[in-house]
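Consider the two complexes below, in which chain A is the common component and chain B and chain C are the respective partners.
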Partner chain A sequence: MTNRIRASATGRRWMAVFRTPVGATGAFLILVFLLLALVAPLVWGEDAARIDVDGGPGRHLLGTDSLGRDILARVLVASRLSIGLTLLSTAIGLTIGILLGAAPSVLGRHAGRAVTASINIAVAFPGLLVVLFFAVVFGVGMRGAVLAIGLAMAPSFARLTQTLAASVEGREYVAAARVAGVGRFRLLFRHILPNIAEPLVINATIAAGGALLTFSGLSFLGIGVQAPSYDWGRLLGEGLNRIYIDPAAALAPGVAVVAAGLGFSMFGEVAAKVLSGEQLRPGEGPLTASSIAAGVAAESTDDDDVLVVEGLQVYAPSGQGEWVMPVRDVSFHLKRGETVGLVGESGCGKSLTAMAIARLTEAPVRVRADRLDFLGESLLVSRRAHRKLLGTSLAMVFQDPMASLNPSKRVGRQLAEVSEVHNDLNRRDAMERAVDRLTAVHMPRARQSARQYPHEFSGGMRQRAMIGMGLMGSPRLVIADEPTTALDVTVQQQILSLFEEVRSTQDSAVLLISHDLAVVEQVCDRILVMYAGRIVEELLSADVGTSARHPYTRALLASAPHLETDRDLPLVVIEGSPPDPGLVSRGCAFAERCEFATDRCRHDLPELVPTASDHRVACWHPQTDPTYLSRRTT
Partner chain B sequence: MTTDFTKAGAIRLPNRRVHRPGTDFVIRRTTRFIGSLWVLVTASFLMIHLIPGDPVRAALGLDAPPDLVASRRAQLGLDRPLWRQYVDYVTGLAHGDLGTSTLSRVPVSQIVQDRLPATVEIAVLSFVVVMLIAIPVGLLAAVHTRGGRNRGLDLGFAATTAFAAAIPEFLLAVGLVYVFAVELQWFPVAGRQGPDSYVLPVLALSLGSAGALARVVRVEILAVLDQDYVRTARAKRLPARLIYLRHALPNALTGTLTLGGLLIMGLIAGTVLVESVFAWPGLGTTIVQSILQKDYPVVQAVVLVYGTGVLLVNLLVDLLLAILDPRSAIREA
Partner chain C sequence: MSKLEFVDLGVTFGHGARCTTAVAGVNLAIPSGKVVGLVGESGSGKSTLAKSAVGLVPLSTGSVLLDGRNALGVVKGPRPIQMVFQDPSSSLDPRMPIGESVAESMTGVRGRAERQARVSDSLALVGINPSRAVELPRTFSGGQKQRIALARALAANPAVIIADEITSALDVSVQGSVLNVLREVQRRLGLTMLFISHDFAVIRYVSDVIAVMYQGQIVEVADTELLLSAPQHPYTQTLLASVPRLGGQHGSSALAADTQFIDAPTTGEAGCAFRTRCPLDAAPQPAGDRRLCLEEDPQLLASSRRHRAACHFVTGVAAS
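So, the complex of A and B:
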């Protein structure tokens, strides 16, 4: 019963191979050539041998060879030897390979290791050299060539068998069989080999394609099939001498070799991909999102505004080929010298918001906004024109400082190139500036550090270097995406102080993105709370502890442990997780997880509306109960 | 405050003179090279003895006069005990003595000296051409097909490179001869006279490998372009040229070089067939002729030269990889 289920599942998986265009073509080619190999000598055998001395044009489609024999017939007849010998040598190679590869698991340790070592050395030499070696040993001719190619294929099959067997040997049923006292040979033939048969067969198919090419090569050189027998390689060799008189004599067998070889390797490779579960290219869904909208003319520009964002939307394709909107209608502004925090759980769209503002998203992600002004310039118009502005005035700091620095470049060079590109400094001046900036971020022994590679730095030093990189220009805005998450707590504090210092010395605005409300509360003037791609509450940092209104903000607060948190009580958590961007409901996205939710929340979307100056909230049931807030300190 | 920072950082500054696994790695790799070389020498020595029956009879034919057979045996040293022959063979090699051709009576070392340059020339040229094609093409393909854009270009690239890689060198050579030598008559059909005679052999050797390597370059570059440091480079608003050439390409070289090494070895072996198509006076044609004429000392020597070339390339690639990416040496240790 179970066997039958398994068999039908296997059948279905193989059917998937035939359904791909490449797999079907490969299978078709293999089938055609196998059929030819069987019937061609019976059907065209006489034509191929008949000598037509006055073979006029038109009587032979591809002409005749030097003796007046029909080339097309000879090419067709040659498929029997070509295909037959290929299959024979592949079978020899596979058999010897499996025996060699399985030997280490059957033999003792020392013998096994010796076999493995010789396999490794043999694999290091190109196949053709090994083939030539064995061709000398076995002598020139058909038999020698079959043996030579078979033996030359054996090492790679052996290595494959070994790798596959090793992966199977670790599995439970093999361990169970071993514990049950099953002998080595029985274990090998009953438990290991059947489970690795499929990949072996697939690889043998691919290898057969290679063997066909090698065999043709040998016969072409005159080392393989000998006259009067002929395969495609031999025909090719004979044809090459007459390529001026009759190109078809050389090209026809060449085409046959390529077609048959491609058939084997195409089918094998598709089978390997499909059966190993690799997903084939999924169809791309229709493009539903409109492309970047032109910026609406700026209404009133406050001179103090460094950044103005209105109606920002980000579209991205989901895995299923549909388009989702992970950032929906985000609006806020940043003033000079202001530090604003953007908080929310992972997957709320915070980073995507930051990347969209900085114009760093890439296709296929699409961004649209009603307004996106940086220092009074609309970033919605053209990227190229703003390259220098963004390069010198907008600094980005990312979460993982190890991954964010190029591992193969010295740190100083990575800083210096900013000034080389945007300020036209020469190499030396740019490096001086880099050292100066590294000093500004309190990099110990800055000059020396500039000559080091990122992997020689600690996490805190790397993050300092990243910040220093942002200071190469004169940043008006620093966007820091989880800059302290990957750092340990003491270093966290140093980096946060550094942001504070940058803000005060450079007078730049800082947008600090974090999932950690405690961090944000500590350093920010204002806080934006984001949930499922929208800003749900905006309030002053100082008011968070006393007048947060949105249930989500309050839940975040309650779940952030504080110094005063009673450690005997379990940590408060928010039940559930943010919705997938594709599954956001019509109403308030937080309704599912909200204890105050009503039907209205589930059907109507609450707008972000001011409740006081410096306080906006998007909720049908804003909470005012102070006892809830006090939970964090009880 | 400032002093605090400096102190904290100074303590954390890693010591640069730590244990270097590099020397271990070099020693291990060199040992493996010498071991493989020994296996190669032994295999080429044993080649004659592995031939079933009598190699001299096999070479001269069954009805050869007995005294000729005997003198040929003596000349090859086959009348002495096996261990003695082995010692003579190895000491001969150490002195650059590769034996004498049984057909032409010319010292084999002379033949190798005459023929080797022609083979090295096309192998090296082909390698250069492979790199010149594969790296720019792979890089451009990666940049223009990233994130699922340009599906048409993606498919075209995949199909072209797969096709180029699937056609064996000697068939490609025949095709090139037909198109460029017979039909268009731009280049000579065969032989080695003048620079234009190099074009077709080098193309035949390199196009397939270039296709295969371009695919690898594309995949490697695509992986690198997803890295955070490329995002940093973009955040610095560097021109695209600098992002790709300075930040992406150097980090994609490790994978490229790994396959590149395998391809050079394939190139070396490929010369055997391609030389035969173009009647190129190199070692490839030499070994084929010697196999057909059963001139065993020459076959032995050429197998040895080819094998040593392959092992040297192998060693060189491993060492280069360790220099470019020190982690690869550590990972293995």
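So, the complex of A and C:
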């Protein structure tokens, strides 16, 4: 059973390699040549050896060599030696490489360093030089050539193994195994090698293509396979003498070398791409208004509305190549000077919703909406038309400010660029504004800070710089996606205060995405609760503690421990996990985790309907018992 | 009986001018069968301290003692101190069935049957169906993976468990499933535990004693309720005041204008490490001369103050 599970998962990924045209061609070529290597000498062995002195035209497809032997048969038969010796030398290179490369993981520190150093030196020698050197040392002939090529490949494999092993060794599961008392050799064979096997195999495939060429080259030069044995290289050498009389004699083995070499390389390259998770997918379509207009009469637009979202849907390809909908039909609006929180478990579509609004989704993700208005303008037309509007009026703050700031540029320059591009300020004025904005976000010693690089900042200062960048324009909407999750509580308070300050001084709307209900409740006026790509409840934060109606909202609130949690009772848990976007059921997505669920919940989708002013719930059985926060059940 | 002690423990990384001190002169004892919670901001040295106890980082000074003996001397076999890591999706080998991962830390197992029985026991203990032992980590949810990681640590029959931010990678909705199991197992087996978290609510729920860490040093230690009701060190007070509370105030009024806070750390200088961030600066002078903060290391007399607080201005004497 274990093996079956392992095989199925790995198998699916390898199947993806065969589904690409290049990968399939490569695999087909390899297969053909492997088959030839096995059967050709049995089938055409006699033809290849028979001397046909009066070889008439038509009896030999590609003619005969100088002794009158059939060239096609000889090329086919030669595939066994060519392919066989290539695989043998690759195997030798791979084995020695893995042994050397894995040695530092097992040996002590000093011995390990010595091995590493010698690998580094060996890698520095040009491969062909090493081959020729070893070919001479081991003596002219088949055995010498195999060993020479194998040894010449070893250093690069060793280097690869060592690099891969070092990266795996840094992972926590290796640390965990160490703590568990797993020995060095066991660690190598059970944890490190299995996790680096895939890239090694792929590189070996690519290297085999190279080895084939090198081997043919050696034979061509006369220091590889010796008569009476022959491989493609030697056939090429023999044929070349007569290339003007009989081009097929040289071309046929040449074509064989190229085709086999290409087969190995193509397959290896595609496998490397697909297995490393690089997607080979078609590009993105434009943002479109939903074709199903669903008869949603656009609510009369309020002048105070900064953002109006109706029927927002986001489509993304799943790992298995199907399209799934991680955001399904989200509608809400934001008014001037309002702070709204968006909460839910990870994977429920919070961030994607934000990215879709800010028009930051990348191909292949696709966005549809019935309505997506920002400051009264529809964003449902081409992206270019709104670049300036979004650039100056929308500020985006992400969880990890280190990842969203350019590490190679001074912070002040990065801020100034915004104004240079969008407000046509010159360099000096833009820089002045950057310093001014950094002061506005209470950056200590703003002028000096502007000259520093992001890595010289603490996490809190980086987040301030990001907010400062958003303030370079005059943001009407600030979207903050988990802005304080990576920060410490003391710094979190400062950043949240800063958002509050931006809201009150600029009269902007703030959309705060967070998994932390306590944070959202503290800062926001209104809260949107999201589950499995839908908004399931919308309520005022003042009501959160007493009149949340949706069982999901209530469970989420009850599960968060706080400083008054009863320590003698177990914590509340929402059993199970949010459904995969591809497997969302027809009815209420929360039904399978909900203690109040009935058959109706499993079959009919509850719409988000108002239960009071400022309160909307999507539930067939909204709860009213006000004591859910203190309720403790398991 | 298994008491874990950090004695004058120091860890530095790098050499010469680039040398940074992650942990400096930490003295902390975890009594047998008790849970000590370690709280502090990121970069304060919590994880380094945890790793030093299981030999994942080398000590530069001091020692780790288990029942008075060097805990790092044992090399062969499973270590008596086991650790549960932060992110369960990276702490379980993605290519190894979870049962095998759990079995790796067991010792003295004779035969397949016993091995399987013990794996089943360990998994059942953390609420994972033993029949799923043959599955790979990817088929489990985050909370389940973290419980499997806990089962692996428990399978080694450890005397001490170190839990390093074990719920910070999880959703709050499932965090409870890990903490409930952890607490139940700790009580049933009488485990000694060091529980690390940046979340005060979580620390409070699990720990008997709380230690607060700042820039590599322990600045306050006390029983959980005592520390929460009467925090002594200004850093502890700041931390507690910053914890967002559900059902408290909401909207804009809840946020004090505390934005001028300078988060520049001080290291390698004499005096108190917290002085640049200390709110006492703004408050009316509590007692004595604030120049003390610049010149004298408050750690020196910490053990004589209440809660072993590393602050010159903590009044009162250490309770016995």
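Simple rule for what comes next: the second predicted complex is superposed on the first by the 333 of 634 C-alpha atoms of A that agree within 3 Å, B and C clash if a C-alpha of one lies under 4 Å from a C-alpha of the other, contacts with A are read in each partner's own complex, and residues count from 1 in each chain.
As a convention for this text, a residue touches a chain if its C-beta (ideal position, glycine included) is under 8 Å from a C-beta of that chain, and two chains touch if they have at least 3 such contacts.
Since the structure is predicted, the reported quantities are computational estimates derived from the model, not experimental observations.
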item	value
First (chain B), second (chain C), both or neither touched by A:R171	second
First (chain B), second (chain C), both or neither touched by A:S105	neither
First, second, both or neither for A:P444, with chain B first and chain C second	both
First, second, both or neither for A:N423, with chain B first and chain C second	neither
First, second, both or neither for A:S497, with chain B first and chain C second	both
Partner chain(s) touched by A:A363 [first = chain B, second = chain C, both, neither]	first
First (chain B), second (chain C), both or neither touched by A:M461	both
Which superposed partner A:I121 touches (first chain B, second chain C, both, neither)	first
Where chain A meets both chain C and chain B, residue numbers	442, 444, 458, 460-461, 490, 494, 497
Touching residues on chain C, where the partner in the complex is chain A	41-42, 54-56, 76-79, 81-83, 85-87, 90-97, 101, 104-105, 107, 134-136, 138-139, 141-143, 149, 152-153, 156, 171-177, 179-180, 183-184, 198, 200-202, 204-205, 228, 238-240, 242-252, 254-265
Touching residues (chain side chain A, partner chain C) in the complex	1-2, 5-6, 9, 171-173, 175-182, 190-191, 194-195, 339, 345-346, 442, 444, 458-461, 486, 488-494, 496-498, 500-501, 503-504, 515-519, 521-525, 541-542, 544-545, 555-557, 559-563, 565, 567, 570-577, 629, 634
Of chain B, residues touching chain A in the complex	1-2, 5-6, 8-10, 12-14, 16, 35-36, 39, 43-44, 47, 50-52, 58, 146-149, 151, 166-168, 170-171, 174-175, 177-178, 182, 189, 227-229, 231-239, 242, 246-247, 250-251, 265-266, 268-270, 272-273, 276-277, 287-288, 291-292, 296, 299, 303, 306-307, 310-311, 314
Chain B contact footprint on chain A (complex, rising order)	118, 121, 124-129, 132-133, 135-140, 209, 213, 216-217, 220-223, 236, 240, 243-244, 247, 250-251, 254, 257-258, 261-262, 265, 284, 317, 358, 360, 362-364, 387-388, 390-391, 396, 398, 400, 403-409, 414, 417-418, 421-422, 442-445, 449, 456-458, 460-461, 464, 466, 469, 490, 494, 497
